[in-house]
Amino acid sequence: MANLYSDIIRDLEAWVGEAPEAGLVASYIPELATVDPSHFGLCLKELNGNTHSCGEADVPFSIQSISKVFSLSLAYEKFGESIFERVGVEPSGNAFNSLLQLEYEKGIPRNPLINPGALVIADLLLSENENAKDELLQFVRKLCNNPSISFNLKVAESERVWGFRNAALANLLKAFNNIKNEVEAVLDFYFHMCSIEMSCQDLAMAFQWYAGLPAERDEKPWTLSGVQIKRINALMQSCGFYDESGEFAFRVGLAGKSGVGGGIVAVHPDEYSVAVWSPRLNKKGNSVIGMKCLEYLTTQTDSSIF
Amino acid sequence: MANLYSDIIRDLEAWVGEAPEAGLVASYIPELATVDPSHFGLCLKELNGNTHSCGEADVPFSIQSISKVFSLSLAYEKFGESIFERVGVEPSGNAFNSLLQLEYEKGIPRNPLINPGALVIADLLLSENENAKDELLQFVRKLCNNPSISFNLKVAESERVWGFRNAALANLLKAFNNIKNEVEAVLDFYFHMCSIEMSCQDLAMAFQWYAGLPAERDEKPWTLSGVQIKRINALMQSCGFYDESGEFAFRVGLAGKSGVGGGIVAVHPDEYSVAVWSPRLNKKGNSVIGMKCLEYLTTQTDSSIF
Amino acid sequence: MANLYSDIIRDLEAWVGEAPEAGLVASYIPELATVDPSHFGLCLKELNGNTHSCGEADVPFSIQSISKVFSLSLAYEKFGESIFERVGVEPSGNAFNSLLQLEYEKGIPRNPLINPGALVIADLLLSENENAKDELLQFVRKLCNNPSISFNLKVAESERVWGFRNAALANLLKAFNNIKNEVEAVLDFYFHMCSIEMSCQDLAMAFQWYAGLPAERDEKPWTLSGVQIKRINALMQSCGFYDESGEFAFRVGLAGKSGVGGGIVAVHPDEYSVAVWSPRLNKKGNSVIGMKCLEYLTTQTDSSIF
Amino acid sequence: MANLYSDIIRDLEAWVGEAPEAGLVASYIPELATVDPSHFGLCLKELNGNTHSCGEADVPFSIQSISKVFSLSLAYEKFGESIFERVGVEPSGNAFNSLLQLEYEKGIPRNPLINPGALVIADLLLSENENAKDELLQFVRKLCNNPSISFNLKVAESERVWGFRNAALANLLKAFNNIKNEVEAVLDFYFHMCSIEMSCQDLAMAFQWYAGLPAERDEKPWTLSGVQIKRINALMQSCGFYDESGEFAFRVGLAGKSGVGGGIVAVHPDEYSVAVWSPRLNKKGNSVIGMKCLEYLTTQTDSSIF
């Protein structure tokens, strides 16, 4: 099996080198717009400890919305099922930053993996710990066993300067009383969260914990139960790719999450975690090459969860 | 493992006997409104051939929307990926009979498991075979190895008489030219499809083929590839429970499909298929007791796909 | 003043002869698609009896949605304020044939001058008189003092053949129980209504009654009160031009109603009625040249209602 | 005629004294929530100079959204038709503070008399004059010939503290680049605008200019043309009462504008202006008693614009 994964990753590396240039890098802030679109990295970690990687697997990049899985996990660990009184578990069927649904549904975001849901989660964490930024960073460092993980403060600041739509969402949530802290404080935390930088190696390492119990890692990083981890995976499956979640289930068949920095993570329970990075995005905001790599992976290994 | 399933099903039988009466039977046609709400049946079939059942597992009931998986499968087998030019693969995020999305999205239904999507699939089948009703029936009979499976003509007629919303959907699809046959013919086929009656035994038998290759069944009922079957399962996962698909993924963690007759089928790939029937529905149109039974099953066996 | 109107109409006739060809004739049924786009007629009738016309003012054309004012008036006369229990008085803010609002607002159309509202009015008339088609025709003949006014049966039939969107609306209204008769019967009446043919002369004559009491016409054609007529005019003002009603108020400043046959009628209370016909439509479905003529008229005479 | 108006106003004063207490005062900020709901004032000014008033016609109150007519007028005078490149002229068909339409229509508000439209107008004025607050105040003082008109700074501040929904709208407009200044600056101007206090006397005086040329007032307060004033009136007609604009046209039949402070102004071109104040609001945010008074006025005088 290890050989199989290695073979596939070799294929992918070759294919990516010749893949046509499709899609555009995210452009809503200068820091993302100027990223070299030709970056590519991939890292797959089996639960048994075998690691397969290629390209710039150890180069950190802006994880953006992938961070929403981390903040959800931290809040779930701390507050349990009560978080679902303030955010739902259904796919939105709309663009990630849409205000429509939020207005119809009276300020209860559809799920914690779209922007308004992540803002509510940020508010929850902030209500309990004013140093929530640090707390989240420590949590992520523990998950991937890398104490150097940090925010990119320039990205965080740029998100703030250009973050009018997120400010609109946060103010609307506040109008519905589903944000308790100051809007500015919640946005500040949220923008920092999005600015976390990690490599494919880091992400694959962190998401091993969502796939099961990694063979070589002694101490669990959290008190989340098996059922709770399965539920986070279910949320990734249902809601992890904005309004392309069905497409990802259809073509790839893994639970996963994407970010507009071009990263995608995915989890095959009891088997492996995988992270891929390529900055060019399709119209739905998901990495073109990342999607294709994961489709190839599950097709070749016949290993989707379905 | 067989013992485990047997134990769980004994627990469920006991629990259902004392479960509080929650939810209401479907009332939009007289034939469903007068069904005894206390019916209950369950059948689980492992791929190795072991069968576990309880209650009225062999009593046929109206499968309603579960039939959408069969028509999708037949169309997928006959026309391949081209069907997805006329219907999407995304969760709708709306009620199963909503016209909103269809209007915004110019007559392309979000997926084949909501009413407008199933109407398009019905139109596809009808374009190629004017005896599509018979063809579908033969297909279902083969899947569950039961030649007595039939339409309930009284139910089909009642669906037609009260089917104004489906008629609205079909006419809107026709206005967008995504129905090619006569609206009446498509509705007729659709209403017959919904009226198919099967028992939990029949359904578990049929859905074994979605779980993998059953041990004791010699001949494959179709030419669908492994990837295609996985894709149908992915669609069930994303879209099988109307606007409660996320909830089902979250609580149960299987690919499945529900019908307003009170039936639910679910599939654990490589493990088992399961069908449960209890006519009382929650507000989203899914069987209250059916949902709870499947949640108990996957929690006790720690066997969700995530 | 008579001279003023005559001068203006002379100007318009000259201008239209040289106007650029903008817009497209309605194309959703063959009978409208093949109309010569260069037709033009205009007729203004002062309450004092003076008539000013130009072009093909006496050539009948398909009045289409203008007929909705007639059916509303007839229903209002027969059933009084009770009609507004089944249809509202607000502008829709949406395209004339939109299903969205109807679904959100549980089958109560926004107003009687959009398609779903006119379908409800048709249903009302049909419930009380199974010969509603004849009754409406008599009513219109009386208003314009022309016993030869008739349906164009070929147009009515073509509307039916291509009327999938109206069939969708009618079925949705039926699903909400806001249509009491058979869907087919209501549609049949509606399509006949739309197929009425009248000339600008006929229309100006009929709409004199909405402007006040014409000097030379002895017998009132209805028992509608002054307040009720003002209310019909208010509805035309608010809702007469689909989602361009604000634009018409803004540029022209009269109460009026348009049809996709290219006709527009408008009323200046206590002063005059006016009808104009030119088949090329803008994107909102209103006659390009008709709109411009009326804007010129009210600007030159400084005679809007505001 | 003067006697007629006097009689009607005497009737109204008597009726209001015994009217049932229906509706609730606006409660979204403490300063409005604590207003005595029994306030009542009315002032009608004929163009010939005759004034008829009753109740607390000279008590200033918070004009709120009525101020949107003043800011629109000032912007229209300064920038002409170009303002309609950034805001439409159509009724919204939605609640005054809805974000839905704004999102679908890419940041172009439906009209300048709903919140997002007024925010765009505020931005326009601010772009040209950083002392736009003073400029608007001078403009309003000139219109009503009362140099003591002022902002209520406590109300303005309270609007800011509770103004999350307006902040959401402003940020969304900014995201669509239809606000050029700092969001905070635009909101500050907007909230001050809403806090202007005027009496019914002041408002009737100011709105005489929208009805025509008042007999006794020498100098025009603006350079707006007759056509432009008619267009502002048309906008009030189409869009002045949120999603109850059709109802106001239907029942009252005048161009007008309401505010959540309980004020309503209306204009009968060439005849009179009228202002009424009663703080209890219906569900759409319009004064219950104000609406009824104006309906009585136009019914008794048979003087609607239709």
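By letter and in written order, the chains are A, B, C and D; residue numbering begins at 1 in each of them.
Just so it is clear, a residue touches a chain if its C-beta (ideal position, glycine included) is under 8 Å from a C-beta of that chain, and two chains touch if they have at least 3 such contacts.
Source: prediction; values computed, not measured.
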| item | value |
| --- | --- |
| Distance in touch steps, counted as few as possible, from chain A out to chain C | 2 |
| Mutual neighbours - chains that touch chain B and chain C alike | none |
| Chain A and chain B, separation of their C-alpha mean positions in angstrom | 32 |
| Rounded Å distance between chain B and chain D, as computed from the means of their C-alpha atoms | 55 |
| Rounded Å distance, chain A centre to chain D centre (Cα mean) | 47 |
| Complex contacts: residues of chain A adjacent to chain D | 98-100, 103-104, 164-165, 167-169, 171-172, 174-175, 183 |
| Parts of chain C lying in touch with chain D, wherever the complex brings them together | 88-94, 101, 110-111, 226-227, 229-231, 233-235, 237-239, 243-247, 249-251, 253, 255, 269, 299, 302, 304-306 |
